[in-house]
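What follows is a group of structures, each given as structure tokens.
Each of the next two complexes has subunit A plus one more chain, namely subunit B in the first and subunit C in the second.
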Partner chain A sequence: MEKNLPEKKKFNFKLTDTIILLIALIALVVFFGFMNKDFFKYDNISSMLKNMVITGILALGLTPLMIARGLDISFGASISFTGVLMAVLYARGTPLVPTMIIGIIAATLIGLLNGFLIETFDLLPIILTLGTMSIFTAIAYVMSGAHSLPMLTDQLYYFATKSFLKVPLPLFLLILFTIVFWFILTYTKIGRVIYIIGANPKVANLSGIKVKNVRIYLYTFMGVVAGVASIVMVAITGVGNPLAGARMSLPVLSAVVLGGISLAGGAGSVWGTTVGVLIVTVIFNGLSVLNVPSYYIQMFQGVALILIVSLYEIRNTRAARR
Partner chain B sequence: MIEEKSIKDNKSFWQKINIFKVNSISPSLIIVVIVMYAVFGGINQDFFSFQNFKGIIASLSVTGIMSVGLAFVVLTGNFDVSIGSILGISAVIMGKLFNVAGGNIPIPVIIIIGLLVGAAVGALNGFLVTVVGINSVITTLGTLAVFRGLSFLYANEPSLIKNKAYVALGRGFIAKTIPYTIIYMLVIFVAGYLILRYTKFGRDIYQVGANPSAARLAGISTRKMQFWAFVIAGVTSAMAAVIMTSQAAFAQGEFGLGFEFTILTIVILGGISLAGGRGTLVGVVIALIIINSISNGLTMMSVPVNWREAFNGIILIAAILIDSVRVKRRELLKA
Partner chain C sequence: MNIEKNDIMLEMKNISKNFPGVKALDDVTFDLGKGEILGLLGENGAGKSTLIKILSGDYSLEEGEIYIDGEKKIFTSPHESLEAGIRVIYQELNTFDALTVAENIFAGQLVRNKFGIINWNKMVKEARQILTNLGSDINPNEYMENLSVGGKQLIEIAKAIRKKAKILVMDEPTSALSEKDVLILYSVVRKLKSEGVSIIYITHRIEEIFELTDRVVVLRDAKKVGEVLTKDTSRAELINMIVGRKLSEQYKKKDITKGRIIFEVKNINYLDKVKDVTFSIKQGEIVAFFGLLGSGTHTLFSVLFGDKKKTSGEICVEGKKVDIRHPFAAKLNKIGYIPYDRKEEGVALPLKIRENITATNLENIGKGFMLDRNIENKHAQSWFEKLSMKAPGLETIVKSLSGGNQQKVVVAKWLERNSKIFLMSEPTRGIDIGSKAEIYEIAEELCSQGAAVLIVSGELPEILSISDRIFVMKDGAIAGEFITKNTNQEELMHSATA
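Entry: the complex of A and B
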């Protein structure tokens, strides 16, 4: 009884929220479809879905971290760095599988470094990860000489271009990630622990949860996720690009926040994030199909982020007044 | 008031003129400067050359003026990562104004418009943070993207500034040795220092950052103070835009790109606590000198630009580690 009641309430609340987002999503799809006939073409949809995989994986990784009141904005740099590292290793004759493993380990270590420093010294996550972001972006630039390094392999090419039942293969990876994250957050003890930490870290600490350790795990896991995203990026683009991750932070943060995760922690769900990712992908892909210049898209990302958060904040203050 | 005065009177002469407060970070920063100069000077004799110092000094003012503005924001317990974009948009608008109406718009009018643009963007940030209630990092991350996009859009190619009087503002020297720009910077720093230390406004800024709920109980409008801090950051960024455009004699959408990072590093290294309400501009000046000399010294040692950026990241992390240790020590002393 005790376990079921609050869970159910939360679920209902999130459901209404997600439904509003879903309606917005359908409206957007219809709008872009009307504006440009190409929007519904198979090529566009499949490229849109492939782009979504990277945003989606990263947003999923951020979800538990931000629920537990952490934040990581260095994932972009981590993607660039790992991509360049793998391309360099592969060019020197390392076989594919060890290259990928080393890439994931490198990204994991970046996550561990973030988590360790933040939790040991009580640092503000956004500032610390801003620092690691600049360090690893710089290293990626130095290692690559500011060029895109080619990394074409049959296996990755196959993964990026082929599809099963008309569904692009990378999408299966995203679906797998979504199910795993959903299962962990909803049905496991660690998922509940994450929500408890987010709701009130002090109480969580008093009730015997090792808040710091859990968060360090989450930062490390975010590193793993960034490593996987980097492999997908290399597979889709065929290069290790020091710029690859630079433009990831705004779409990913927008998607996560749109999905209902507040910076104050404690709230959010995998489904919300998934819908947020879908909306962000549709908006930005829709804009580029309409041939909107990239400067406008960048501006639009900023406006979208501010609008989304404003709406949530206004609603929250209203709810608080009631 | 009376009590405060009597405490002041008890201070010795040295304490009165001592701008380094007890427990200040400044003395340790000065030691860092000395060690650093010894190292750079030892590696490369040219580091101590007059020409090089002139270069360091001329490059100080843009980042210096912006760090004063950011210090106000951080003191109230917020962040502003949009300052680089504010510089960009106001530089681009001023550059365009020099090229319309036959270039006949008077310089003061253009400068005032530029500063107003900065103030307006600052006010927008302040509005979103204090009235709508969005987290300041997210707000300014959004406005960063918006105004960077706008300035790129508005200035695909650089707009040249041919007005000689304006260019002299940034490139002139007093007696061929002291750049005008360093004078502007010193004026801003002194003004900022005096405002923060000796006016009610400045004290309220500290109060809001140190303990918002106590400030509210004391009758200070926390929202108002935070709002004005953002406006000040906007105006100082626009001032930096004036200096940058007059030094470069053109304006471009890229101006100020990534500055927020360097300036955040300077402000935090200078001892302005991320927790808000702690630190003085004296520390910020020394941190400014440290950061600029490092970048200068690394250039002279022909370290590639990308490594210098990595170095900046390491300094930022070191600065927040020091800040965190200082905060913890204070808590221990209190307990």
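Entry: the complex of A and C
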């Protein structure tokens, strides 16, 4: 009776979201390259890619969480707090490796706290993480006395500045993250569970999936990711800065939304997120190379975010009518 | 049929509609007289919904013509259909429960004075007028959430006819109503008819056809297969047209040997919704729970499956006491659940058939963390075939399936998990006759393999034909236990209402 399914693959070319985004990305690259020759210089590309690492890691961490209809906007505060914490510990003579481990544990606990509170009390994720965001930003300020605390170590400096085959070392970390997240979401049971929860949490629950537990894991994992991002941040900047994380919220959330993750959950993929990160990075870097003042860049990013969300919404409404 | 040309309100001529890979409508032609009630019958997937969505402007018209009052119309949006006097009341009600009755009736077009400020008094007065015309004494200031399903339905009707409606389409309006509300609905429909409104009435309950309609159009496999005056036809003839094959009208129950007691429930309580419920069920048994709206039957099932936490009581599976605090625990104890709200709780609509079927059993599909697509395909494919699902394949998105096939996917989820105790909440709600019989067959097949099936159903003929035993519930408690072959509709109804 059982037929072995011949996996019929259709080769008809479809204009998927990711392809549209790729085209937009290429168009942007060509545009900025045309406007300023410096854009294509090795130094610029290498620094652009390095800057992309933190945005990318965070956006990847958010991807499964948001597919499962969770949301965390406290990652910026988590980065600031962890960075300051590590700088303080290191300044008091804690060796580098324990410092980094404590940093990651601290960030993980923030994620766990977020997840536990949201899922136990059925809170709105955006509100709860807004709360933890302000709490940990404040703690970071108090701990640092509102100053950047230096944390220069040979190992982190090496990691942040050296290249292998002309590829900056931090970029390897991002590539590793991308592969791991893609693998998890595509080939593992937890990946499937995440998509089922995203499609309909109630159905997932009534299928005997522990939706709340899964989400708590995802929030906790987002904490781990923020911890790693914080270490990369300290490595690249050489300081634990209480302001460091706040700047990350807009580009990271823009990248994720651009990549096709709806704030209502359910949809999204690692490739979408990756392209989203690339686009956000290219826009930021491209405008910087053109000497556009940073406040204007920020304004432009905000406008772009609103545009993207509206376009997706209009398209979804159209699709629903078909 | 023989209607004078100028008495025709609506004509739909040679309507065809294609979806990728499926012909949803094939050259369907019918008309609707002024003040006529036309019954539209057909199995799920026969094309009824598609036809209505073309009329309502939700789908674009590809082939064919629509005439309203003799005038050719092309609807490019639902708005234009509304403008033309067409109102559709869907099976799933779209009410705003946190708002008042009056606000619901005037939703979107609140009554305002010339300064753009809402004129509450006028709005409430007009709402009361509309409701009185419908023969209802519902208070316009009442909050929607306090209304029964029947009451909400009435508000939907009030909303639909607030502005002059020429054509009213009702899609299975009685599927969730209590007997009393059904009678009120009938009188409202008749009243609208007497005022000259033309009505297309879609239902699966053939009794309603004889109760209400003047004429019947039957669709099957996207084509119109029959059109008769109601007074000239019979139940048997209609069923024959719907399914296209001879089907004994009443489902004949097979005799299945009963085994050991598999499921015991002792003194279960849940707040004041379920009171001291005790029963036990043997392998091979189909036990029905019957009760009117609010009797606690559905809540009981949610509690047994761990979706709601019981306040007190004990549950035993195969003689062992089990602690069911979450559906996950129910699943581990071989309990499967087919929820009442299929589209919101049973299947994940945006996912594929394959992904839905294996959702209950991911632990066993592949080693460790890895999901094994080969095993998954094999499992899903075997249920796909055993339950003879009608779909292009495993990769079909569940949203595009008919109700009956979606229900099969829900059943398959629990078969995949090797469940032995099936809790089925209205498993045949909104499902066509052919699929209903298939669901009954599946239930019996499960029983003959040593499972036990518990069914909540509001349809007495269904309960009487499928079950071995019947528990009647009232106000959260069991009001009576009956052996199916020794009882009848009247006795059960008496027990439920006494």
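We take it that the second predicted complex is superposed on the first by the 307 of 322 C-alpha atoms of A that agree within 3 Å, B and C clash if a C-alpha of one lies under 4 Å from a C-alpha of the other, contacts with A are read in each partner's own complex, and residues count from 1 in each chain.
Just so we're on the same page, a contact is a pair of C-beta atoms (placed from the backbone, for glycine too) under 8 Å apart; a residue touches a chain by one contact, two chains touch by 3 or more.
Keep in mind the model is a prediction, meaning the values are calculated, not measured.
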Practice item. Following the overlay on subunit A, give me a clash-or-fit verdict for subunit B and subunit C. Key: clash
Check your understanding: In the superposed arrangement, does A:I196 touch subunit B (first), subunit C (second), both or neither?
Key -> second
Exercise for review: In the three-chain superposition, say which chain, subunit B or subunit C, touches more residues of subunit A.
Suggested key: B
Review point. Now for A:Y187: first (subunit B), second (subunit C), both, or neither, which partner does it touch?
Key: second
Revision key, fill the gap. Dual-contact residues of subunit A (subunit B, subunit C) none
Review point. What does subunit C use to touch subunit A in their complex?
Key: 58, 305, 307, 326-328, 330-332, 337, 339, 344-351, 355, 358-360, 362-363, 365-366, 369-371, 377-378, 381-382, 385, 393-394, 413, 417
Revision key, fill the gap. Touching subunit A in the complex, subunit B uses residues 79, 128, 132-135, 137-139, 141-150, 152-153, 261, 264, 268, 274, 304, 306-310, 312-314, 316-317, 320-321, 324-325, 327-328
Review point. Which positions of subunit A touch subunit B when the two form their complex?
Key: 117, 121-124, 126-128, 130-135, 137-139, 141-142, 146, 250, 253, 257, 263, 293, 295-303, 305-306, 309-310, 313-314, 316-317
Revision key, fill the gap. Residue set of subunit A touching subunit C in the complex reads 1-3, 5, 187-193, 195-196, 199-200, 202-210, 266, 321
